[in-house]
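There are two complexes below, and they share subunit A, which is joined by subunit B in the first and by subunit C in the second.
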Partner chain A sequence: MPKTLLKAVSGAVVLGALLALPRYVESPYALHMMILLFLSVSQGQSWNILGGYAGQHSVGHAAYFGVGAYTTMMLMHTWQIAPWFGVWFGMALVVVVALAIGSICFRLRGPYFVLASIAVAEILRLSAINLTTLTNGAEGILATDLPAFRIGGRVVTEFLTKVPFYYIGLVLALLTLAITYWVQHSKLGYFLQAIREDQDAAHSLGISISRYKNIALVISAVLTSLAGSFYGIYVGFVDPPTVLGLDVSVQIMLICIIGGMGTLWGPVLGALVLVPLSEALRSNLITEALVQVGLVSAESRVGLFLKENLAHAHVLLYGILVVLVILFMPEGLMGFVRKLASRRKREA
Partner chain B sequence: MAVFMQSLISGILIGGVYALIGIGLTLIFGVMRVINFGHGDILMVGMYLTYLLFTYLGIDPFVSVLITFPLMFLFGGFLQKVFINRVLNAAAQNQILLTIGLGLIMSNTVMLIFTSDYKILSTSYSSATIQVGGGVSVSTPLLISFLITAGITAALYWFLLKTDTGQAIRATAQDREAAQLMGINVKRMSILAFGLGSALAGTAGALIAPTYYIFPQVGAVFTLKAFVITVLGGMGSVVGATLGGILIGITESMSAVYISSGWKDVVVFVLFLLVLLFRPSGLMGKSRT
Partner chain C sequence: MAILEIKHVSKFFGGLAANSDVSFEVEEGAIMGLIGPNGAGKTTLFNCITGYYPPSKGEIFFKGRRMNGLEPDRVCRLGMVRTWQKVRPLAKLSVVDNVMVGALARTSSLRIARERAMAQLEVVHLAHRAEALAGGLPIGERKKLEVARALATEPQLLLLDEVMGGLNPAESEEIIQLILDIKGRGLTQMVIEHDMKAIMRISDRIVVLNSGEKLTEGSPQEVVTNPDVISAYLGESHA
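Showing the complex of A and B:
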């Protein structure tokens, strides 16, 4: 089986390169980009399990991301509980939240489910703003002093550079990828896909709809909360709009949809496209490139305007991408790639 | 008692504008079965249009409705013809995503042009009030906007019930295929419906411009409110959206007074979830199979 061998070898090479990368790349900016990439992969992949495989398009995943981020940060800030313990509380809380949401939202179908998922996330966001004693309200929680991570008295890392975050991010991304692979190839995955394709048919075949939807939701929510906790401790700051806002839900969903729902590599592809593009906009690389090429003069009104404003409007790009993807490749990039591949095969 | 009457009256007044937003969304849903997630952003475009007309041409926001309504109608028709029309038969999630994408484009383009600063449109009567008696006073701009809303809603009912085009729109909403078989140009009705829905949202934007902060992200709040209103009234029901709007207005203003203004939106969303759970077809909706 040369094809499987090829896959295994290329996988091992990529993994090895990723593991070795911090040894050779010292630029904190490059590491930061990689960490964002890992975070996006794990967000998109978590959403994929519920949205892609089970077909339940939640537009409220900020709820789980935010609960994970907030719990870890609150425990660290108020009670000095180290994040590697706090994370577990976050996950436990998210399971409770997810089951509560599931029991409400899974009675509803299609657009009603989407609306309910948004409403729940909004209730959590508004609560985070209003419960000032617990969450510090709209000001958010700032907690950047991470304790050193020790195993048996030996200090493993003190989190002084971005390298430990890089490895945590990598593990997180690989974990979500592995769980998605497992879901895809297990009985659970087949049940979920049956529910996605035809809920009534699946029900008549004896698949317990609400049970498997809830299982998918809990897996997806727990992984999203892990990503949230990681985001919180990496950035060192959480506030309601950045971890619980509607934008967060939309961005999580977009990674998966642009890449391709219900596919193992879709969210990876989506993250590979979205992260560099939005970072390029955010850091004004695009304006600088336009100036370099000579299309726009740096001192002209257009140049100054772009420099001033383009960085704030990186979400515009998300909008344009979504519209293009939905109109021209509704199966996402993965679907597009597959179509190209099958066309080439036919021609050969 | 005065406090109660006061919050009841201001709830009804703001509810009138909410009704306009909800009717727009419900019209679009009724005719096309598409939930417009960019509805609030269309309202936001209407707000900025009003702001521009006021700042550069000195046109009073309430007079500018005469300009905003037709312009937003054309804008909505354009959105329908170029974008929404292509996904009418696509999966529901793709329709939702497309409208989310369009909303993001609208809000971020506006942000690119006007920056995300809060703008205030202050007229001579922005903070004026009228004493009604019994210690109850009414905000003048809210009262004017309510009267305009009532006028537009009445005209809309007349249009939908009495004119041929209005009946064709209702027929399309009832059964798209049957309407097509009866010789109704369904595509044209869709453009009309999206245009009308956008015009109503834009008008609502114009009407609240004198009393609200104007900023690019203002739409998200109204998109969510529009959902709550239409689901409460029953998706696709114009009467339901009218009642739903007023009901949400009253709920908001009551909970702002008796609970706290920070929690008023939470109350609305909890109400929304309860309706979804116990009466998903809404107050006026027929139960769906």
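Showing the complex of A and C:
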């Protein structure tokens, strides 16, 4: 009992701190990082339901992210439909796309499913580039003028700062977390894990494989499309590579794989590691830190070399890290944490 | 009354007839033994009956209902479930969670499913391992888990595919007792087994398959004294 109490109290403290944060932190950069974190948590958590629990490793989640982002942005840009109405169209469209993809791809297993999921996302990316009348092609859609959000005539927010986006992101992250919790503690979660562990055995135990795979896919896709819509209105710009590219799919998947697939907190851990890491690599914080500590002199050859090249090498370093995690922590950070915990328990 | 009727079932893989024109009936409440040399088509027949392969020819009736073309999950929910010769534990789930997956075929409540799963684990004497990971069980316990998980789906007909394969004599004896217990509860069973002594003890009737065809059918006594059966197993010179 004290353990659950401890969990409840720490959960309430973290939630309280997250709710209060924008009151005390005004730095737009800090808020931006938090928003990226929330976005990553919701992306990773959405993928987790299909990839982690049901074991269907989609490398095409950019399809759902992109369709959500594009639909909301196109509706806002072309017909001035406010995004809080637009997202529903995005989600509805994604359900159609997901069921179409599911009916084709779920006939395939293992690597064939992975290849098919990549192919579908690439088809959508190429369509977005070439259907210029609809999507504005490679130029993308710029729509930064958000209408004020009103409830009953009263203006709630005009989206002038990052604070409203912070709260929307927080709600999105909590929503995906809550849905994952529900999945884990329901018949659905048991069936998805049975399919992941052994599809034929699951089939013999009365589980309709195609039905439950499609349910997992639709939940996963709809949540990913929500995240996509949020990304679109937050950044104010979408184009094919940033929301439909293969690297978007990989990014979404990595959050979950590095954090720990099929666990509630895995994607949260994954986002906590990957978001700061990619930011540090991108903005060359690492070179600065090395110089600050005095390990490397800024004027020395090494210092200049790092300054010149480390920022460009961030994708490379990122890739190396991913390889290391997959080699040495095959169950992700959550698996590593659990192993440590069980070792401590044994020693006690 | 026959709970399962196999009528002229054939299964072809390309030119190979894994089953050809097999017919027999399984009486309700009985144990039907299914024996035959390796490659006789026993497991293929199980796969046809439980919906993994559609039969190429012939018909299968369960409780009077035509089963051809039904998916395995439908077959299970209609009351017919199989275990696997090569056991298929859900490795990363605990033992009780494995059995719960079976129980959830009949209820949506996790609480009820858990109670029923624990009850089935008691039946197979595996309750003390409930929280262990299924992937870490030794073979004897994996076989019991297969049976408990199948029982949890509340079947009327249980198809056991070599549940004694790879077990030591003490473990086999335990499974034999388990099968007889299950019979005592009124469940019909069809059992594939290589251990002749065991199959003779538990079966009410035995069907012998050889090269995909039904060689003979009868009581254990009739089957074991049949010269065709002896020659199928040991070669012509022994018949």
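Criterion: the second predicted complex is superposed on the first by the 331 of 348 C-alpha atoms of A that agree within 3 Å, B and C clash if a C-alpha of one lies under 4 Å from a C-alpha of the other, contacts with A are read in each partner's own complex, and residues count from 1 in each chain.
Note that a contact is a pair of C-beta atoms (placed from the backbone, for glycine too) under 8 Å apart; a residue touches a chain by one contact, two chains touch by 3 or more.
It should be emphasised that the depicted structure is a prediction, and the values quoted were computed from it without experimental measurement.
Enquirer: Give one of first, second, both or neither to describe whether A:Q193 is in contact with subunit B, with subunit C, with both, or with none.
Expert: second
Enquirer: Looking at the overlay, does A:S27 come into contact with subunit B only (first), subunit C only (second), both, or neither?
Expert: A:S27 contacts neither subunit B nor subunit C.
Enquirer: Tell me the contact category for A:T4 with respect to subunit B and subunit C: first, second, both or neither.
Expert: Neither partner.
Enquirer: Using the superposition described at the top, determine whether subunit B or subunit C touches more residues of subunit A.
Expert: B
Enquirer: Taking the superposition on A as described, I'd like to know which of subunit B and subunit C A:V315 touches: first, second, both or neither.
Expert: It touches subunit B, and subunit C stays clear.
Enquirer: So, does A:S208 touch the first partner subunit B, the second partner subunit C, both, or neither?
Expert: A:S208 contacts subunit C only, not subunit B.
Enquirer: Look at A:H185 in the shared chain and tell me whether it touches subunit B only, subunit C only, both, or neither; answer first, second, both or neither.
Expert: Second partner only.
Enquirer: Looking at the complex, which residues from subunit B come into contact with subunit A?
Expert: Per the touch definition, subunit B meets subunit A at residues 35, 83, 86-87, 90-94, 96-98, 100-109, 111-112, 115-116, 220, 224, 227-228, 231, 260, 262-263, 265-266, 269-270, 272-273, 276-277, 280.
Enquirer: Going by the contact rule set out above, which residues of subunit A touch subunit B in the complex?
Expert: Within the complex, subunit A contacts subunit B at residues 57, 59, 104, 107-108, 110-112, 114-116, 118-120, 122-123, 126-127, 129-130, 246, 250, 253, 257, 309-310, 312-313, 315-316, 318-323, 326-327, 330.
Enquirer: Considering only the defined contacts, which subunit A positions touch subunit C in the complex?
Expert: Checking each residue of subunit A against subunit C gives 185-187, 190-191, 193-194, 197-198, 200-209, 262.
Enquirer: So in the complex, the part of subunit C that touches subunit A is made up of which residues?
Expert: 50, 52, 71-73, 76-77, 81-82, 84, 88-93, 97, 100-102, 104-105, 108, 110, 113, 149-150, 153
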